[in-house]
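What follows is a pair of complexes built around chain A, which joins chain B in one and chain C in the other.
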Partner chain A sequence: MIDFKIDNLSYQLGSLKISYNSLSKKFPSWDLKKVQQKTGIKFIYQSSENEDVLILALKSAKKTLKNFNKKNIDCIVVVTQTAKNKLPSTACLVQDKLGLNKNIISFDINLGCSGFVYALGIINSLLKNNLCTNTLLICSDTYTKFIHKNNRTCKSVFSDGASSCIISKNNKSNFTPNFNFYSDGSGGKDLIEKNGFIEMNGPEVYFFTTNTVPKLFNNILKKSKVKKENIDHFIFHQASKLVLDKLANILKIPENKMHTNYDQIGNTTSSSIPILLCELEKMNKIKKNQIIILSGFGVGLSAATCLIKWN
Partner chain B sequence: MYLSDNDVIKCVSRALEINIKKININSSYKNIEKWDSLGHLNILTELDKSLKGKAFKLGALAKAYSIKEIVKVLKSHKLLK
Partner chain C sequence: MIDFKIDNLSYQLGSLKISYNSLSKKFPSWDLKKVQQKTGIKFIYQSSENEDVLILALKSAKKTLKNFNKKNIDCIVVVTQTAKNKLPSTACLVQDKLGLNKNIISFDINLGCSGFVYALGIINSLLKNNLCTNTLLICSDTYTKFIHKNNRTCKSVFSDGASSCIISKNNKSNFTPNFNFYSDGSGGKDLIEKNGFIEMNGPEVYFFTTNTVPKLFNNILKKSKVKKENIDHFIFHQASKLVLDKLANILKIPENKMHTNYDQIGNTTSSSIPILLCELEKMNKIKKNQIIILSGFGVGLSAATCLIKWN
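Right, the complex of A and B next:
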């Protein structure tokens, strides 16, 4: 059996912290009080003009590598959809900027909110096949640079940020992580970049999420032969209050096991799960050997769920 | 629980916080500025409350961007008076 461990979690948010109150003053006709009741979000973070996906990724990765010998990194995976340049891959640029080995695997994954869980699945497979031992996994996105100033839906939800961690083989564990993936490109138009701007059909994405995530959730419990009562933590993509409340309601998740931080940070797309994990670890809320379910969902439309043991 | 055409109009009025006199059966996202993606989610939430949790089970409502379309979806699911 091969298991992996997630270490040295770090993150970097966009440097511009914006409160809903200040947004309300800027856009008085948006009725943001009502919007906030739905999203639950109090603050969003935007990248400054000088910050891009690579810069945020490097800032976060440097924190991750503070306590890890960078010579031992033999794989870099960057999850991003908003890199400044379509080519080359951000992962290759990270290799150079951080002075990492050149005998290294490096590639990007073009996914949004499901990206962190997808990346874990891919890295797990690379580890199983002995293609690498220590992966620097970075998620970094600057959605706000692609949001039209009049788009109330996107502007009040998305934040910019990057997260990073080291994924390594854990030979001591007898646990097998389980994954479940789902894609439905027919909903691609429901969260799309068109003519330089992101457009989201909130209701369609909402219906996709509230229908798909419970199915993936139940499948993974069956596949893993784990009972819902034995899951210690439920870490879902931090889409918004509306979505997470509904999922908690459908899946009957106890309040103390359903973690959120969307109110303080907003929706950081692929970074939302690792940022939440990082915060929970700092607060000592997740402990060794606890069973955690991670679930990401959104643009694609795409979803991924995995069951892991915290090591 | 069933709704009438007028109940649907009331839901939209409450969801978008628009005077009911300014909404009628021909209202849609095209003639109401607040009826954007978030506005539509608010409408669905109001309908869900009135229908005791049945609206969020009807995927077709996600694409119903006018009062007429909402009424049509509810009718097809026998939720209209």
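Right, the complex of A and C next:
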């Protein structure tokens, strides 16, 4: 394992901002006040009809490339589960639309809320193996295009969006990042797309998350020999208030170290961790050499945790 | 880059075997004799209605696991573009259905005919980075479920099937495998799924392949310092007779080193290379310590070449 840098974080939300208040008016039979107490969400972002996974990915990636020479990119990884076409992969289309090198590795990873952390582990390995030096990592999903209009559980939680960054070797560092992965396909049915619609069994995903994430967290502490009190920031997938409050409670995370933004943008699946990182960096809340734990969990069911040092 | 082993190769074709003769009878207006002169294909395998990507994957993987202790698997990679559901990933479902470990890495890669070689490069990197030790690699696709009944170009070429193997470190070897990747999304439109149907612009894919594969081949020779005459076997994606004859001609590959099986099973996309490897191994045609070049190319458009030593 080598150390790596996460640079030029950017994101692009779906262009339709929808408040819980407006949802209340549209679905008067839904008790959205009670729902909001659980989710903690005030706004949801939906993609418009002509915004798909590729378009959101390109909008975000263009921001990432504003301050990075695109000629130096030799790998594109796109995490997505909701691309418009089954084939070709979105990563190949990104190569063309952004005018990137053709002597380039490009592939899509099919994962959801654990996808960003998974991608970091995979890209770290490609860097370590000298197969690439600068990877454009994009997460992009449009779950709301696959939510039935009467599915309250999904409609009140998921937002559309893309995020992007550059992952490269951090040659100056002697820190060793650490990863831990978990997969339980027996819960595959609990967050699934079937016949064009996404369905979620909220209580089962909650049960999986609150059981699995603490285990992975403790494994990472053991493996990395880092003490809990030395972790500066806890950046978890922004599932909902219910899930994050419970995790904070189980893991006894100090309030000032547990970061959230679900209230403002909802659950953006694979992009939720990088969007939160991007916001915290903008606000100067995360600083060089701080220790950060990232944890993604959800569809699969799948979970991944990693411990990194901010570059 | 470390050396790796490809063990326990197995495969499972779709259960409906269809001869070109029977296609001729079904589509009397198609000049299938002329088509066959180009494709060289005698039989196509289609999945039945209840055979999907997961079911074919499981059938193949069960054969691979007959002689391998499943408790030792700590990574599952599935290459597919035609899974039944957008989410969850097929790899997570494989974890559950085969009763594999839950402390496991599992993800799907969205790539087609270049996918097996890509997956070898990615898994090699995970092995090198000590993120896993034994990976169950599965390729599974059911393109024929997405081919319009009047699409002669696709119907006369693509077969459904899955393949599987175990990829692990080869600690006893001092050989260094070598990889070369290429992506050109400007040809994404030339092999695409749109509104449920796959469409292929044969001449454009042919042009890409016959231009790109020789370049990657020469790059690999240069990088690896292996001489062409020292390569024992050329295992290319089984696109069609037209493509493979042309590549053999450009690269001046001796007939006894250029292997094909497209005539018997058609183009099984991501599985075509592992199925051919499996068959050659069964027939004792590839032997320990022989040098083999693998090359996958197609949808993306995407290509990947690697030079390996057989374990």
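Here are a few things to note about the model shown:
Here is the rule we use: the second predicted complex is superposed on the first by the 310 of 311 C-alpha atoms of A that agree within 3 Å, B and C clash if a C-alpha of one lies under 4 Å from a C-alpha of the other, contacts with A are read in each partner's own complex, and residues count from 1 in each chain.
Methods note: a contact is a pair of C-beta atoms (placed from the backbone, for glycine too) under 8 Å apart; a residue touches a chain by one contact, two chains touch by 3 or more.
Treat the numbers as computed from the prediction; the structure is a model and nothing was measured.
After superposition on the shared chain, chain A has more residues touched by C, the comparison being chain B against chain C. In the superposed model, A:152 makes contact with chain B only, not with chain C. Applying the stated contact rule after C-alpha superposition, one finds that A:200 touches chain B and leaves chain C untouched.
Within chain A, not a single residue is touched by chain B in the first complex and by chain C in the second. Those residues of chain C that touch chain A in the complex are listed here as 1, 76, 81-83, 85-97, 102-112, 118, 121-122, 124-126, 128-131, 146, 179, 181-186, 188, 191-194, 198, 299-302. Here chain A touches chain B in the complex through residues 31, 34-35, 38, 152-153, 156, 200-204, 206-207, 210-211, 242, 246, going by the rule given at the top. Interface of chain B with chain A (complex): residues 17, 34, 36-38, 40-42, 44-45, 56, 59, 61-63.
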